[in-house]
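All chains are identified by letter, namely A, B, C, D and E, in their written order; residue positions are counted from 1 within each chain.
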Amino acid sequence: MTRAQLLADDPIWLILIKAVALLLLGALATMAMIILERKIVARMQHRPGPNRVGPNGWFQSIADAIKLPFKEQIIPDTADRKVYFLAPIMSTIPAFLAFSVIPFGPEVSIFGERTVLQLVDLPVGVLVVLACSSMGVYGIVLAGWSSGSPYPLLGGLRSAAQVISYEIAMGLSIVAVILYSGSLSTGDIVDKQASGWYFYLLIPSFLIYFVSMIGETNRAPFDLPEAESELVGGFHTEYSSMKFALFFLAEYVNMVIVSAFCTTLFFGGYMAPWPISLIDANYFNTGWWPLLWFFGKTWIFLFVFIWLRGTLPRLRYDQFMRLGWKILVPANLVWIVLVVALRAFRNQNDISPTTILVTGGIALVVLIGVVFLLPERAPRTEGQGVPVTGGGYPVPPLDLKVPNKADLKPKVRRRREKAAVSAGVGTAGGADAQKETEQ
Amino acid sequence: MPTLRPLLTELAQTPVAQPPDVVSNLAVYLPLVVMFALAAAFAVFSALLGPLLGPSRYNKAKVAAYECGIEPSPQPVIGGGRVPVAYYLTAMLFILFDIEMVFLYPFAVSADVLGMFGLLEIFLFIATVGFAYAYVWRRGGLDWN
Amino acid sequence: MTPTYYLLLSALLFTIGAVGVLVRRNAIVVFMCIELMLNAVNLSLVTFSRINGSLDGQIMAFFVMVVAAAEVVVGLAIIMSIFRTRRTASVDDSNLLKY
Amino acid sequence: MSLMSSVLLLAQEQPAPPKVEAPPVSAIWPILIVLGAACLSVLFEALLPKHLRWPAQVTLALLTIAAAGVKLVTYVSDAPAAGETAMFGTLAVDRPALFLWGTLLALSLGAVLLIADRSVEPGGAFVASAAIRPGTIQDRAQVASTGMQTEVFPLTLFALGGMMVFCAANDLLTMFVALEVLSLPLYLMCGLARRRRLLSQEAAVKYFLLGAFASAFFLYGVALLYGYAGSVRLADIAEAAAGSDRSDTLLFAGMGLLVVGLLFKAAVGPFHTWTPDVYQGAPTPVTAFMAACTKVAAFGGILRVLQVALESTQWEWRGVLWGVAIVSMVIGAVLGLTQTDVKRMIAYSSVAHAGFLLIGSIALTEKGLSGTLFYLLTYGFTTIATFGVISLVRDSSGEATHLSQWAGLAKRSPLLAGVFTFLLLALAGIPLTSGFVGKFVVFEAALADGMAPLVVVALIASAVAAFFYLRVIVLMYFSEPAADGPTVTVPGAFTTAAITLGVIVTLLLGVAPAFALDWASSGVFAIR
Amino acid sequence: MITPSSTGNWLLAALLLLPLVGAAVVVALRGNDHVAKLAALAFSLVEFVLGVVAWIQFEPGGARLQQGFSLDWIPSFGVHISFAVDGIALVMIAVIGLLVPLVIGAGWADKVPEGRTKGGFFALILLEQALTVGVFAATDVFLFYVLFEIMLIPMYFLIGSYGGARRQYAAVKFFLYSFLGGLIMLASVIGCYVLAGEELGKNTFDWSELTSVVSKAPLETQIWLFLGFFVAFAVKAPLVPLHTWLPDATAEAPIGVAVLLVGILDKVGTFGFLRYLLPMFPLASKELAPLVLVLAVVGVIYGSMLATGQRDMKRFLAYVSIAHFGFIALGIFAFSSQSMVGSVTYMVNHSIATGMLILVVGMVIARGGSTRVADYGGMAKLTPVLAAMLLIAGLSSMSLPGTNSFISEFLVLIGSFPNAPVYTIIATVGMVLAALYVLWLYQRIMQGPLRGDALVGAAGGPGTMIDPEIGAKRAIADLNGREKLVLAPLVLLIVGLGLYPKPVLDVVTPTVDATMCQAALVDPVQSAPSAQSGERQSQCR
């Protein structure tokens, strides 16, 4: 029976068990990730890290998790309460949902029921993951917007812009994988890698995916939306208690997801690595063993996340966007065309590989030449000739003159004085005058 | 609408043809629904946990929008607030490339079948988007400052 | 499950969108209503694709998505420019052109 | 290179690829040229330095139109008489399509000339940056500068390409995509006026919202017809409509929605509400392009849908379209009377003309087809020249479009007044202008198809419409000029050429229409 | 493309082209008033000579349509540029040839409004002449329609640019009435074309071919088509409910233009009755004849009564014409060859008589500067020759025996009586009224003591100390040589045709007979009234 058929035969209790397991996996992985991160970063910085709760402080995350619900929840006056409530939920659900298409292992038997270690194997599994990560953006934007405060708004916007920018790169990097696997089903992609993992076949794709997965999850060195020094805390500045925890959860679950997805796409998913796969006629690729390989690979990526955070400084926003839009996206497109061309030419039997290599080489050289010949930025004369002041906002000029009372027309002055009296303000000077002139 | 009923009965009786290569059973999506329900239940439950368990001590300063301690400026963002143009631009670009992906995926699945013709088409397609991309790039649409 | 319900849903969504276009006054909301209409059509297309047993409808849905996206971009640009020049997105406030 | 070799060496099972043949393109070269040039034009925008853009874009646009025209002519000389389909049957390149392409190319030549002109309004009619708040420092700086939005050229070419595809679309999906390809650039172009920017942007928003609304209707119609016929190919729908036992509700609902969408694009009353606002608000060269070319494309589409797909159901829709035609003519003629702005007046006149065109379109005969095609040709040229003239009458705040400002213009500029009078007479349908021959062929087709009452209504509407054309003539000739009236700008070579082109064709088709009539009636739609 | 399909008599072509060339030349010369005027006069005189030649070449007993030539115009519709004349068209063309030089002569010294030129004025007149000649000579229905509509445009500008105070209103009204009528006719034209196309299997607009097909159509079809044509013609030849544009147009147009309007343009309507309505729709003509007759008689009485009470001289002229057109229509739709011949001669004589009347009234107005009758009185004392001319024109207008109009009016009444006795009797009242209004006008203007603001005021106003009679004499001169020269031919014709109408009758009668025959009408009076033809032709030509 094929994977899809096995899954389709799952009884409802099995589905429930798997789903609950995935929820638990998400929550536990988050807690583990938090404490690991703190510990590892501390280690990298030659300090002990959390060391109070439990043995060597390893229960710190559990303590935090228990603490959070007992914190006071604060909703700002200016918030849009419904949306404010919905936003964390909207970012949590997709994060968990993306788990459902990740294949954790091959065929196993659970309570006598033959099944696969995967919740569901859809023919469009890859799209589900991408869709979920896109949906998560709604949570971010709406959280920023509904808080009714400038910092969260800007943070939310930045986050959203970042996520969608890198989503493009991420989505494009998957195209080559699909090209090779000929399927959008995650299970199929893993199966197709039996003859060779994609990460070394499609190194550019993998590299792009790797960079964009870090950007996509707002992690260092791309953690600009949460840059404490610039934007306080990003879109969740105004959140507290469990709602804040949900955002936190979503972020970490997302990290797990992209890592797991990367494993699936480029590292043969649950399949045992090379020397092990040779042992005992592929024994280690059956039963529950593959779970080990899968989580092993995934945790390697998660470690890299932490490692990067401990090592790299944060990028500037423009650098970050430039990397996404000006390097990853075009490189990706060129790479896709190249891959498609190679495959198409190879399928044309009358063309020898040498021809392909020569043509491809020439094309590549030309391409690189073009890229280098183009100046990075349009010449300064390109400016549209109109000086923009105030970045699009109506900003009063710095040398604004406050008109003297005596200079005003008598009528205006009378009105002004009346208003001032009624408002109980003695000096109706600058601010009011400015308002008048604006009107 | 008098003609609606016969139409509906007729449509209901119309045999639904099954193209062989389309997985048509919607039950395949059931686990996804279950997962969604569980995740939603978990999220809502968690979100409600805070107000239930946590204390509630009113303080005017707490419910004010956080602006690093300065007196909050009056509502510049919601409703009449304006967002820098660059974000709109990013949104538009995103849509553009997202759509490109929408086409690249199905293409990628059947690229081998399409062969040289597919190569030509996808090259034209990417080139077309490339023109727009070049335009945006050169006109500074990708620059942030 | 008969596909008829999808058709009804699609008709309903389309109608909601159309009514929204007619009664709402905020350009962005009107615009979203139009997008709703387009997506209602997508639902119809996919349903009909299933009824007819051909994939044409799904392919059309693809095209519709593309067109809708292009419309979003263009519409957003236009609405944004008018919003920036006059600080309102209300259709009612656009009253320079009258009979 | 090691990377590539590893790719090559990768062993993977290959399904035997079925050969998908690339389609022959000889028939659709004009479209390919126009769309290709549009892409090239975008690249020009991207890569050329600012001072080179305008000359490069103008040259490119004119060359494109010329090249497409040459390709078209060479193809026509040995095209199969029954027409052929191209691009896997999505485009029907038949005689009407070729005629419409020719018409579109010729009209867009005039429109591009108007758009390219920079002498009438220093720096051209288009603003460099549309989103700057009026009255700010930036705005004043912009007004003073002569920067121009050269993006309007690629937009024009894209719209033109969309129009050409729209006329030849052999299935409804292609038609829908083409509809959007032609509409979206137009929405943007509407909002680019240098003067009266708020008006222009308002026009763009209105056009966009209503246009998108109409597209949604069109699309829903497509979906329902797809549900009915199982295909969106026009011929398949015709076949299904002729002999299907499916419920007709889907067919009729789909048909209705589809036609509403089309009528909207063609600015047929009562779906015309956007027309006056947009015509008035848009930059005049764009209005010219829109009024002439969009009408051609839209009616090309209407003709094809009605004659190819829906002919067998004509008894169901014809009565309705009778009513629509009457409403359109009446609205155009009567509301045109009350207008005080020249551009709005021409807009209402176009609504009336759309009614006339609809009469020809619902005459499902060869004569109806050829008559409508010819009418489109004549109307297009006259309209282009008309807006060209309108753009010349200016005062300090831009174009002086209020009618009162046109008083006594004949004294100031007899030539311009004479040309405008001639064009108005052509719009009114006075003999020896193309407008008359156009009306004649359309009405003849309608009478021959048994629509005498409709023709009578049309004739009365023409007479009413003639009144508001006459009013302008009276103003120009018999009124005293206002003291602070507008001046007539001496047009540059481009505008002169466009107006001359329009006037000459208007005259030529009025005096010796035989050759164009022969073209228009050289073949019918290919139904396959 | 225009390619000659059959060579024909190029005389007509010359008649058509000459005024066009003339118009172009005059426009080119408009910078110099004097030269332009001379050129215009020269062209109109040559045109007149050509008209005379055409008349001489015409064989009264020959083919129905003579001197024809034809060119392909729009082959796909079967449209030709084909011209030919029959008797009726010939006399009308001759009248045009006669009137235009006179109009140019009469308008020689008139002032034109500021900003306009005399050259432009005359060019428009020459253009109008070319178009009207074309309308009368066209034998292709499409061509006829085209010229019929185009004809409006020069006239529109003549009235609108050179007219009086309310010229805008008058010009627009004139244009819209005619244009609407024309458009309704267009529907009928297309209808005939479609009908013929179905019947003959080919596209044609040829008048004879269309006639042969359409005249056999069923009654109901004919009625609809008839009505389309009729409205257009009834607007042109102002029949009563559609006449209201004429008083305004006449009142506001310059005198020369009024002559052309009433003398030529309006004749297109009655010409159309004869050329198009009767032959093409014989059944409908018979069916609807009572309608037309009622309108005609109402026109006679209504026009006469309004003329009688009229205080404005130019409006007076318009109403006189309306009455006369009533007579013409009566004669045509009474369906006897006598009455029809009468109507055709009436068309000629009306142009001459009313043309002269308008010219003379114009001269009166030119002297007094007012169009109100009340502003004049006793003018004969100052300008005896002018008074005599007014009398002659007036007498001809009231059809005094011995003047040209008498013959035609007499023929109309005699011929109409057998078929339409009641209408004829009522119309006779019009004759009495005619006497009344003509003599009334003459008496008010010319007779009695010198009075009226126009005459007295011309001397310098009532406040001046000079004796009004002497002052008026000083300012208001009698006819000068040019004016006499303009009026002389008309006087000659009035008297000449009154005594010896044979040349006109000879030319006209065969055509009328042919028309009668085509319309399958049986003459109620056996002996034809024409002076010479004794026996009836056995078949239509």
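Definition applied: a residue touches a chain if its C-beta (ideal position, glycine included) is under 8 Å from a C-beta of that chain, and two chains touch if they have at least 3 such contacts.
Protein identities per chain, from UniProt: A = NADH-quinone oxidoreductase subunit H; B = NADH-quinone oxidoreductase subunit A; C = NADH-quinone oxidoreductase subunit K; D = NADH-quinone oxidoreductase subunit N; E = NADH-quinone oxidoreductase subunit M.
Nothing here was measured: the structure is a model prediction, and the numbers come from that model.
Within the contact network of the assembly, the step distance from chain B to chain E comes to 2. Relative to chain A, the chain whose mean Cα position lies farthest away is E.
Among the pairs C-D and B-D, the greater number of C-beta contacts is found at C-D. Once CA atoms are averaged chain by chain and compared with the all-protein CA average, the nearest chain turns out to be D.
The geometric centre of chain D is 46 Å away from that of chain E, both derived from CA atoms.
Measuring from the averaged C-alpha position of chain A to that of chain B gives a distance of 14 Å. Separating the CA-averaged centres of chain A and chain C is a span of 29 Å. Mean C-alpha position of chain B lies 15 Å from that of chain C. Of all residues in chain A, those touching 2 or more other chains are 347, 382, 392, listed in ascending order.
Annotation for chain C: residues 7, 51-52, 54, 70, 77, 80, 84 touch two or more other chains.
In chain E, no position touches at least two other chains. Every residue of chain D that touches chain C in the complex is listed here, in rising order: 130-134, 173, 176-177, 180, 184, 187-188, 191, 197-199, 201-206, 208-209, 212-213, 215-216, 219-220, 222-224, 226-227, 230-232, 276-277, 280-281, 335, 338. By the touch criterion given at the top, residues 411, 425, 428-432, 436-437, 439-440, 443-444, 447-448, 452, 455-456, 459-460, 462-463, 466-467, 470-471, 474, 477-479, 512-515, 517-518, 521 of chain D touch chain E in their complex. Those residues of chain B that touch chain C in the complex are listed here as 8, 11-12, 14, 16-19, 22, 24, 26, 80, 82, 85, 88, 91-92, 95-96, 98-99, 102-103, 106.
Residues of chain C touching chain D in their complex: 7, 10, 14, 17-18, 21, 27, 30-31, 34, 37-38, 40-41, 44-45, 47-48, 51-52, 54, 56-57, 60, 63-64, 67, 70-71, 74-75, 77-82, 84-86, 91, 94, 96-97, 99.
Residues 14-15, 17-22, 39, 42-43, 45-47, 131, 246-247, 249-250 of chain D are the ones touching chain B in the complex.
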